[in-house]
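Here chain A shows up in two complexes: once beside chain B, once beside chain C.
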Partner chain A sequence: MSGASAAAAGPVLEPRFSYAPFALLVPLLIGACALSLLIGRTSSGPTIGFGDAAIAGPVLMEIRLPRTLLALLVGGTLGLSGAALQGLLRNPLAEPGLLGASSGAALGAVLVFYFGLAAADSVVLPLGGVAGSMAALGLLYSLAGRRADLVTIVLAGIAINALAAALTSLALNFAPSPYAALEILFWMLGSLADRSSVHVLLAAPLMLPGWVLILAAARGLDALTLGEDTAASLGFAPERTQWLVIGGTALSVGAAVAVTGVVGFVGLVVPHMLRPWIGHHPRRLLAPCFIAGAALTLYADVAIRLMPPGPELKLGVVTALIGAPFFLHLILRHGREHAA
Partner chain B sequence: MSLRLEEVGVRYGRRSAVTATSLDLPAGALVGLVGPNGAGKSSLLKAVAGLVPHAGAITWRSAPLERMDRLERARTIAYLPQSADVHWPLTAAEVVALGRMPHLGFGERPGARDEEAIAWALERCAARPLATRRVDQLSGGERARVLLARALAVETPVLLVDEPIQSLDPRHQLNIMRVLRDSAERGVLVVAVLHDVALAARFCTRVVLLAEGRVVGDGAPEDVLSADALARWYRVEPYVARHLGEPVVLPWRQID
Partner chain C sequence: MTRRAAILAGLAAGVLAAAVSVAQPGSESGPSNTAAERVPRAASTPRLPTVASINLCTDQLVLHVADPAQIVTLSWLAADPDESTLAEAASRYPLNYGSAEELLRYAPDVVIAGLYTNAFTRALLRDLGFTVVDIAPANSLEDIEAQLRQVAAAIGRSEHGERLIREMQARIAGHRARLGSSPVDTVVVRPGGFTVEAPSLADELLQLANLRNLPAERGLDRWGSLSIETLLHHPPELLVFASYRDADASLANAVLAHPALETLAERVVTASVPAAMWSCGLPNSLDVVAVLEEAAEKARGARTATLSRADEGAAR
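Then we have the complex of A and B:
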């Protein structure tokens, strides 16, 4: 081989893998965690520090720590699954809710409210959410089949989203009382307030295997950059990659929605923020997107606590207010690039 | 040391694309797979690449392909599809680096050996100057060369290419055909689906003519791409000659 002369001309692989993104993202995340532990909120507005020495321990351990951990888990899940789904669909406009996992989870939780089971035990609500997201995944699989092409899967996801939205509306329509309807509506807006370690313990065991499934698909996502046939010829069966990502997303995003309600746009926005900086390799984006998703969610949640006194803003409202214009900007830019 | 196809058939639903095709393709050959549109050329290539289910048996060095594990198969057969899609704006070098994936374990980063293979593949396709350019900013011809380099970088004993020269200018068509011929001379079995019978006649060491899903001609380019065969299967009358000892086959006018 004539490799010697080529190698002498210097390495051609660039940009190389680098730790630089982590050097910036990890401190950003640690800073977010610190702020989240330090800043709280009462009905009279934001509170800095832990207040009276007598309550400092419980405030930190029972209120702020679970809330911080949950923001980290949920934000990380949304960032990771957003990056993975965009890689799988090879479309930068994809987001974790696309395939029905979030709306399924939301419906599951709403049904728990509807049947009045939420009051019985705070665990029932997230369990209903998880059951809902699993049902949505099962429906997606049976609609699309094992060897389905991605267009069929996306269309099946849209159908599931529509069905879940219709059933959610039905539950609202026949809500036992106006108060129950309001409770359902507020829950769906997405929030980290008043969550406890129970929620963390419930969500984490489902999120972890979800993350593992997504990470197992990472190399397959890289191979898919060249299309399904080339990916298969490189030894990465597209349908394996596909169901690893879809299953992992359903597990982890389903668990996230089950404990916090719908927090939109984090999974869409985060990969876009990182691409100019880290590049477009689907695999290289996964870990940074996890960290950035967690950091973004934490900062959004801290910002909520810093608002002036009054009803607490819901996290899902904040992420939607930031995310929707960003999404619009992406679509406009996408259109311009295609026109050019 | 050969790729053997025995009674290979490909069906899409009720339509049969390839029927009972048997071929014995030795290492070190540049085999041109030619034939009119819809003859089953791409389907046959995909069957060998393991991308479509097929009837019959395909073996490499007497080992059945379907019994190989997926990475072993990927290290044996490289496949370059017709479409030139690259879904993310990676650099040319990053695209070629994807060809090294079958050689890397989970979490393993490309090493010096991989860098060498990537540089060498880019060099051979005259794509070295493009290494740091983003593929979405390359011309169609430049991108085709980068994608062929990606397939070469896998360094397999069998290389399947589906119409590698369709979007290239004449100079780069000749360059790519030369690269494929060089690979064959290094001992690789190259099977190329070609529409350009002139280039097939000029560069291939063997031509397989497919029509209606069957092999209707197999042998030396000049014998297979005869005036009679072109008239019968392509419905064209060729200009046939020799230039500097090489065959010239030029489709000249269509036969009504």
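Then we have the complex of A and C:
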């Protein structure tokens, strides 16, 4: 019996790790980075290049490079954690915001605004965000308990999201200045505008361990595709996989939201984009989703800079504008295939 | 953890470390670049520092305080007559949308910004070596004076700033001298059902026009918002509308078109003061007082008319 299941599980647990996706995704990402470094935006609209010699250095190194790196880190984080969560929960609707990490981070940042600390230093704002996402995770852990099943975790996540959203609008109601309230609203739509190397240095050290935790769960996630009991019988403790993914998501997504605000849709749509092509094995999906998430975010951010002159669009608006039609297309095609 | 995962994480760390180390020298060369570009100009002819503003209120402060030749750019809202009291003057300058890259191109000596707006841009501009002056929203006439002084000092126009402050103080004294006759019960209705809180700059302006700010005085408002029902229970003598983009549809403006409010408006004296005149603390904020004094006069006229009608009724 156990021999039979091991034989059946063999090809599932050891899917050939294909390098083919990288042959397309990596050039796509490099192209996105190049465009992001090259294309800027002035008062009269988009511009190519770095301006005259006096400002080319700071334009490239201080403005566009940090922005590009952050888009890469944040987009990659969202793609990676989206794929991991969809694998963990075996639910195609899962996305990084599900566990409350995003809304917790947003609440933390908004509270920093509320108490007027953000005015003192732009570093305080991201720190507030990370603290918020950690608090959300801590609450999730204490609500759901160490050995909680996935349904409990999802429901606890929904409760935490609702609580964080309610507290956020409460804070908005009491904001010290109408201007601050406006700024908070804009901030919650996500943006990479004028982030500096400070924010890269602030977010990266939290994202890196987050990625490591998620990637460490890859084999466990593959085993989970066979069901929790089978995975357990194969020697993968589901709760270990579970907390690796949740901890990794809280760290990396919390840090991402803390510096860029809530960037929607990337974590949801990227795994769906790649699955028809790469297959549904989380282990094969994780790294390509990281790269595709980074590329999607970079292209969305480049699209913002290509808009006609005006105040900058928010990143979350554009990722949804790009992602939603594609997502719909996939769903409709999926529906037709099943009907046929 | 799989070996492949470890390699990937290691690679990512390497890329990051490299990228960040590349970014670091930039932070040292950035300011010196801009400084190097600026120094020769400053050395050849002694001149006032150039100034850029990236916030609607600071745009207008700068327009009041700066020498026109100093201003290199203002924010795009400054040239919008629905938002700005100095739209025409502002439209003579290049307009910005408040991004660091734009400001690098304008290369101003001083950037004036709002305390609650563009937090990331302000931090980045400071990293780039710019002098950034943060101005909080003005909550009182005293705040306006302090801000005029602060902006003037930052752009080398202290003398002119002091003159503006003396002019303001003279106008305020003039309005105070006219106080005395009994104040007029007033409610200001702003889009979205908001009114004037106390203490605030708008409340001070009302007092200076000898108006009694009913919602604040009687504690009718909740955080500055006033329900139409409460307003109907406490009808004022004077209803002041802070009109904002009347032609554009919005939920906030729909509140002003509420039938109950229109009925009330037919019974009491009304006045309209554009929202742009309230939204920032400026020397010309006192223009509001002149408009309100006129409306108050009308309301007192209506009061005596009502009284004489009542007298006639009593006599009969």
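Basically, the second predicted complex is superposed on the first by the 305 of 340 C-alpha atoms of A that agree within 3 Å, B and C clash if a C-alpha of one lies under 4 Å from a C-alpha of the other, contacts with A are read in each partner's own complex, and residues count from 1 in each chain.
Simple rule for what comes next: a residue touches a chain if its C-beta (ideal position, glycine included) is under 8 Å from a C-beta of that chain, and two chains touch if they have at least 3 such contacts.
This structure is a prediction, so every number in the text was calculated from the model and none was measured.
Asker: Would you check which partner chain A:Ser43 touches, where first means chain B only, second means chain C only, and both and neither mean what they say?
Answerer: Only chain C is touched by A:Ser43; chain B is not.
Asker: Have a look at where A:Ser233 lands relative to chain B and chain C in the superposition and call it first, second, both or neither.
Answerer: first
Asker: Under the stated touch criterion, which partner chain does A:Val302 make contact with: chain B (first), chain C (second), both, or neither?
Answerer: After superposition on chain A, A:Val302 lies in contact with neither partner.
Asker: In the superposed arrangement, does A:Met134 touch chain B (first), chain C (second), both or neither?
Answerer: neither
Asker: So in the superposed three-chain picture, is A:Ile55 touching just chain B, just chain C, both, or none of them (first/second/both/neither)?
Answerer: So A:Ile55 only meets chain C here.
Asker: Quick check on the superposed pair: does A:Leu268 touch chain B, chain C, both, or neither? Answer first, second, both or neither.
Answerer: Touch status of A:Leu268: no partner.
Asker: Taking the superposition as given, does A:Arg219 touch the first partner, chain B, the second, chain C, both, or neither?
Answerer: So A:Arg219 meets both chain B and chain C here.
Asker: Looking only at chain A, is it chain B or chain C that touches more of its residues?
Answerer: Of chain B and chain C, the partner in contact with more residues of chain A is C.
Asker: Where on chain A do the contacts with chain B and the contacts with chain C coincide?
Answerer: Touching chain B and chain C on chain A: residues 17, 219.
Asker: For chain A, which residues are in contact with chain C within the complex?
Answerer: Spelled out, the residues of chain A in touch with chain C are 17, 40-43, 51, 54-55, 57-66, 69, 73, 118-119, 121-123, 125, 173-174, 177, 179-180, 183, 193-201, 204, 208, 211-212, 215-216, 218-219, 283, 287, 309-312.
Asker: Under the definition above, what is the set of chain A residues touching chain B in their complex?
Answerer: 1-4, 6-7, 9, 11-15, 17, 90, 219, 222-227, 229-230, 232-237, 279-282
Asker: What does chain B use to touch chain A in their complex?
Answerer: Residues in contact with chain A: 46, 49-51, 70-71, 73-75, 77-81, 83, 85-91, 93-95, 97-99, 101-102, 106, 109-110, 112, 114-120, 122-123, 128, 131-132, 147, 150, 154.
Asker: Sort out for me which residues of chain C touch chain A in the complex.
Answerer: 1-2, 4-5, 8-9, 12-13, 16, 19-20, 22-27, 29-30, 33-34, 36-37, 73, 76, 94-102, 104-105, 107, 114-124, 127-128, 134, 137, 223
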